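Next up: some structures, all given as structure tokens.
Below are two complexes that have chain A in common, paired first with chain B and then with chain C.
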Partner chain A sequence: MRFGGLTAVRSVDFTVNSGEIVGLIGPNGAGKTTFFNCLTGLYIPTEGTVSYKGTVLPPKPHLVTQAGIARTFQNIRLFANMTVLENVLVGRHTRTKEGLWSALLRGPGFKKAEKASEDRAMELLEFIGLAHKRDHLARNLPYGEQRKLEIARALASEPGLLLLDEPTAGMNPQETRTTEELVFAIRDMGIAVLVIEHDMRFIFNLCDRVAVLVQGEKLVEGTSEVVQADERVVAAYLGEPFEGAPGEAEAAEVAAAESTTSNTKGEAQ
Partner chain B sequence: MTETTKTPATPPADATPAPTPRGLIPLPLAAARALLLTGGIATAASTFLAWTWTSDFPGDLTVTGYPGGLQWLTFIAGALTAIFALASYGTRGLGWLIPARNNAPLVLTALGAFAVTWFTAIEIAAKLGGLANWEPGTYIAVIASLIPVLGAFALPQTAGETTKDTLKAYIAKPDRIPAPQPISPWAQRAVITIASIIGLAVFTYGIDTEYGELFIGFLIVVVFAVWALHTAGLLDRFSHMVAANRSFTLAMGFLVAIAFPFTQNDDHYANIGVNILIFGTVALGLNIVVGLAGLLDLGYVAFLGVGAYTAALVSGSEFSKFSGVQFPFWAAALTGAAASLIFGVLIGAPTLRLRGDYLAIVTLGFGEIFRIAVNNMDGDSGPDLTNGPNGIPAIPDLNILGFNLGQPHDIAGFTLGRFANYYLLMVLIMAIVVTVYTRAADSRIGRSWIAIREDETAATAMGINGFRVKLIAFALGASLAGLAGTVSAHVTYSVVPNPYQFAGSTPPNSAFLLAAVVLGGMGTVAGPILGAALLYLLPEKLDFLQNKSLLAFGIALILLMRFRPEGIIANRRRQLEFHETGQLDVPETTTLTDEPAVTKAGA
Partner chain C sequence: MHTLPQQLANGLLLGSMYGLIAIGYTMVYGIVQLINFAHGEIFMTGGFGALTVYLYILPDGTPMAAAIPLMLLGGAIVSVLIAVGAERFAYRPLRGAPRLAPLITAIGLSLALQEVVRNFYPGADKALAFPGLDTTHDIGSVTIKDADIFLIAAAIICMSGLAWFVRKSRTGRAMQATAQDPDTAQLMGIDTNRIIVIAFAIGGFFAAVAALSYGLKYGNIDYRMGFLMGLKAFTAAVLGGIGNIYGAMLGGLVLGIAETLASAYINNIPGMQQLGGQSWANVWAFVLLILVLLFRPQGLLGERVADRA
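Showing the complex of A and B:
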């Protein structure tokens, strides 16, 4: 993915298997959110493809969601002036069909579909524990509940893969723990989760695999132990020890920065 | 009556005992109330005297013995003041008038009576040249109407930090209004019925005002009365009742709308009514585009034009290009709506990829393109279709099922003239548009419109095809305007390109339509209709505004955006958007303290 002369994400090959929780970490500006935006079609990748269950996805956000990839945003993007229930109902959009005509004619099919949508939305609100606030405006929820509501809204589209962009940013340890349980519960529903996070404890508790993105490139991918043990990761976060030979990572970075070819590749199973 | 019910001396509006509440004018509470009551009664009584010696002043004010013209308005305002003053005494049976137990309604009714009386007195002096034209009755009225104002500002009020704050406390709605006692559904419906009848009476009076002064007086009384009801908390209660009886209220509204032409003797006022309805219908269509989907369309009037021209072309007018063709009305209406729909899609498809201001500019351009194109399609500078600036005149009257709308008809002893017939047809069209609007808004597609308006990126990430959904909104809005246009072509006998411009001094044009939506309240049904009624009546009634109406509306809109950005009739959402403090949406009371606990216990 290039913006003008800037290559934000380069040659990232990445696969998420079903039923897995995968973490994506990296320092600020590493290109994690850009990678997400490429996956969900908000950005059109300069090179590379996103495929889901074997089919290549077009870079159109609504088609990606339709295919079964849902996401949340780093800075919460709820529909602030809609109620909690309405937010989740909007998430149901791709799984319902009623168009303008059926809304105007109000046949029995319309009422049934609306009822089913509402029931499903209420189930999700029960699941995240916001059912009692269904008629509140989203903007009036406290921060932690807004994050949860965003997850519920994403779940409403019945995804096979859920992308969470920093779900615990700005939360206290207790809220982080409830979010952790929530993500496990989502995994138990059979939904694969790809999560961006800066909270290392959260990531290493949660994830089956972790990938590290540094300056738009994937540095390492593996289980938490592998990643934690990797010196290049430590270097990327904490910097190189002042004395001592330059690490492989730095050499690789320099080499990579000089090469002009770039290839953005994201794959989701 | 004063001593029958003595309330304790505690002032009604104060909640915090710390600063001793006192009025701006230092008077005891009993004296303040007495001033209000006697002043109100005296103002009302003064209207039975002669206010001037000559009938040169419109609306005969020379008669001693009964009120006339503007005196009636003064009488009503004075009576309202007196009634509210009685209610503040706690008189049995009037307590419901001030549910919030505050002073603001008293202040506002007193100010209203004062304003309308002084306006009349000053108009008499200005119009007839000097105070010499005042009769003793005028002096009495002027003094009598001042008394309740003094009384109102002597009412105790918890002082604000500054005089400005204190003044504001006098005229603002209190934050807390006690919950109403439950009323039976039948009683609620009775209240709605009575309110609808009063609404019809007020509206009819406003339309029937024969001269500008009377209309201004009418506006003064209505504004202050509605404001007083609002601050008293009565409008809140009423809107709760309406929310509980939605379909009943809608039915009542249409009954009242149908009843309007039967109250009119003069077809001229039915003409105003039909024009307001056309304007309101188009504004409601625009409300789908602007209020729900959040697409700022500055060329919307073009769709009204498309509908009108289509209807004119197939009307059988001899000046139409297809002069032999005469569609029955239902076919013409469908053709007009379909033509507008096609234009909506054609214009929308390239422009709706733009967002915000860019869309506004492009739609403004397309709106003007329509008018200029129609102006040029006269066979000389373009294809011969619309007769250019001459337009298509001599559009025959509609004939629906053998019922000629051009002829007066007698129904149950009432004579319905030509415009009254069209008025009833427009009520039917308005009913269709209101149904379309409410049903579309409360559905999957309506939710996706609001989602697009709130956050387009998030909406597309939730699987909404933004372009498609916006195009549907645009096309639906366009076809509703086209539908209204088909009737408007027949009402005005002819279609010419000129009215379909961006901004002009008379409605409908795009600027006025947008102003009607914003002024009335975006995203509501009643708002745009009320806005349209106001924007149509003001230039119609106030001659002196004729060439300054755009300036006046500009100023009015700026003031409105400063003090009530959600419009006259507020959508629940918008009200919360602009006034964050009131947690109006919280149905059951939740205190702030238990919210963190919920967060922890959640999931």
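Showing the complex of A and C:
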């Protein structure tokens, strides 16, 4: 993926198998969110393809979702002026068939489809523990619940692969632990999870495999132990120069490009 | 001399017509942040579509009760096709362009549509007679025509249908989602291009309903009728809070009533004798807009801009 003359993500070859939780970590500006945006079709990759279950996906977000990849966002992007239930129902858009005409004519199938969709949405709300707030506006929820609602909304599209972009950012340790359990529960539903996170304890507790992205390239991939032991990872995080490192200026540009296109939030390490 | 209830009824009727047209502005703006200045002409062509059905398709002497549904169908087909065509061929290619580009395109399209109708529709260089529904009824001190009953019934059905559709149907929810955050909406599996087309189509249909009502009520249509009606409806949409469909309905009614009352009663105020009457109606309509925007820039039902990022 290039922006003008700047390469934000370069030859990241990456596979997630079903029933697996994979972590994606890396310093700020490494291209993690850019990578997600490429996967979900928000950016059209300059080179390379995304395939899911053996078929290459077209870079069109709605088709990617239809194929079975869902995501959450680093900075929460709920539909703030819709209710909790409506947010989840929007998430079910691809899994419901009712079109314009049957809605206008209110055929017998319409009520049934709406009811089924609502039931399924309520199940999801119960799963994340927000069923009692179904009619609240999303923007009135506290922060931690907004994050959970985003996960429920992503699950509503019945994905086979769930992409979580910093699900615990800004959470307290208690909330982080709940999220951890939630992710395990999602994995047990048979959904593969790819998670971006800065909280190392969270990542190493959670993930079967971890990949490290540094300046747009995959540095290491392996189990928690392998990654933790790798000294290049430590170097990358602590900012020590390692062999063949591109200059500071380029790193800053990558960060700038990412923050303008995807509103990347800055964190202190 | 008309009574106050009569003036209110007149204002309500005019306002319903503004509201129907305003829906087209507000839905398109709400979803793609484009002011479709060609919408007045989409309204106008709807009137010509309906007239075409009456003059050239239906046999002479068809009773109006049978003719009206077919005229509505004809008008709706023309308006919806032009609205959707404009989106597809004029606005979509400019989706990522600076906002002035589609705005200028809209103005150009508006002029082009007027000139096409004027030059190619037989007799359209002058006002064309439209079959009216002129039978009158007295309800208390208020006199209304059949055309007014058609207008008010159509407005109520369309508006409540739309409110239900947006609130309760899957496609309606997808529209709300697209209006609030198009990128995220796409990631929910919503084909936003399709939603935009539907918004234009609904706007076109409502404009056709308004145009048919206009013809039935005033008994003639002309190729310039979209300009002022479009401008007023746009005013109504802004007055109510652009992007908000309830705002468009409310804005239409407020504008219609205010304009009618102002032109009827302002000349009774000492020192303002010259400022009443029909010729000043537009002035008062825009004065109202300026006043509302001074004190409530987001419109009557609009949200603060910060909330709708």
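As a working rule, the second predicted complex is superposed on the first by the 240 of 269 C-alpha atoms of A that agree within 3 Å, B and C clash if a C-alpha of one lies under 4 Å from a C-alpha of the other, contacts with A are read in each partner's own complex, and residues count from 1 in each chain.
The working rule: a residue touches a chain if its C-beta (ideal position, glycine included) is under 8 Å from a C-beta of that chain, and two chains touch if they have at least 3 such contacts.
Just so it is clear, the model here is predicted, and its values are computed rather than measured.
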Using the superposition on chain A described above, determine whether A:T15 touches chain B (first), chain C (second), both, or neither. neither
Now for A:L42: first (chain B), second (chain C), both, or neither, which partner does it touch? both
Looking at A:H62 after the superposition, I want to know if it touches chain B, chain C, both of them or none. Which is it: first, second, both, neither? both
Chain A residues touched by each partner, larger count belonging to chain B or chain C: B
Have a look at where A:E175 lands relative to chain B and chain C in the superposition and call it first, second, both or neither. first
Touching partner for A:N140 - first (chain B), second (chain C), both, neither: first
May I ask you to decide whether A:R77 touches chain B, chain C, both, or neither, giving the answer as first, second, both or neither? both
After lining up the shared chain so the two structures overlap, which partner does A:L130 touch, if you call chain B first and chain C second: first, second, both or neither? first
Is A:E86 contacted by the first partner chain B, the second partner chain C, both or neither? both
Share the list of chain A residues that count as touching for chain B in one structure and for chain C in the other. 40, 42, 61-62, 65-66, 70-71, 73, 77, 79-82, 86, 89-91, 93-94, 96, 98-100, 103-104, 113-114, 117, 153, 157
Contact residues on chain B for chain A in the complex? 435-436, 439-440, 443-448, 450-451, 454-455, 457-466, 472, 476, 573-574, 576-577, 583, 585-587, 595-596, 598-603
Residue positions on chain A within touch of chain B in the complex are 40, 42, 61-62, 65-66, 70-71, 73, 77-83, 86, 89-94, 96, 98-100, 103-104, 106, 110, 113-114, 117, 127-130, 132, 135-137, 139-140, 142, 144-145, 148, 153-154, 157, 174-175, 178-179, 181-182, 185
Across the complex, what residues on chain A touch chain C? 40-42, 60-62, 64-66, 70-71, 73, 77, 79-82, 86, 89-91, 93-94, 96, 98-100, 103-104, 113-114, 117, 153, 157
Which chain C residues qualify as touching chain A in the complex? 161, 165, 168-174, 176-177, 180-181, 183-192, 198, 303, 307-308
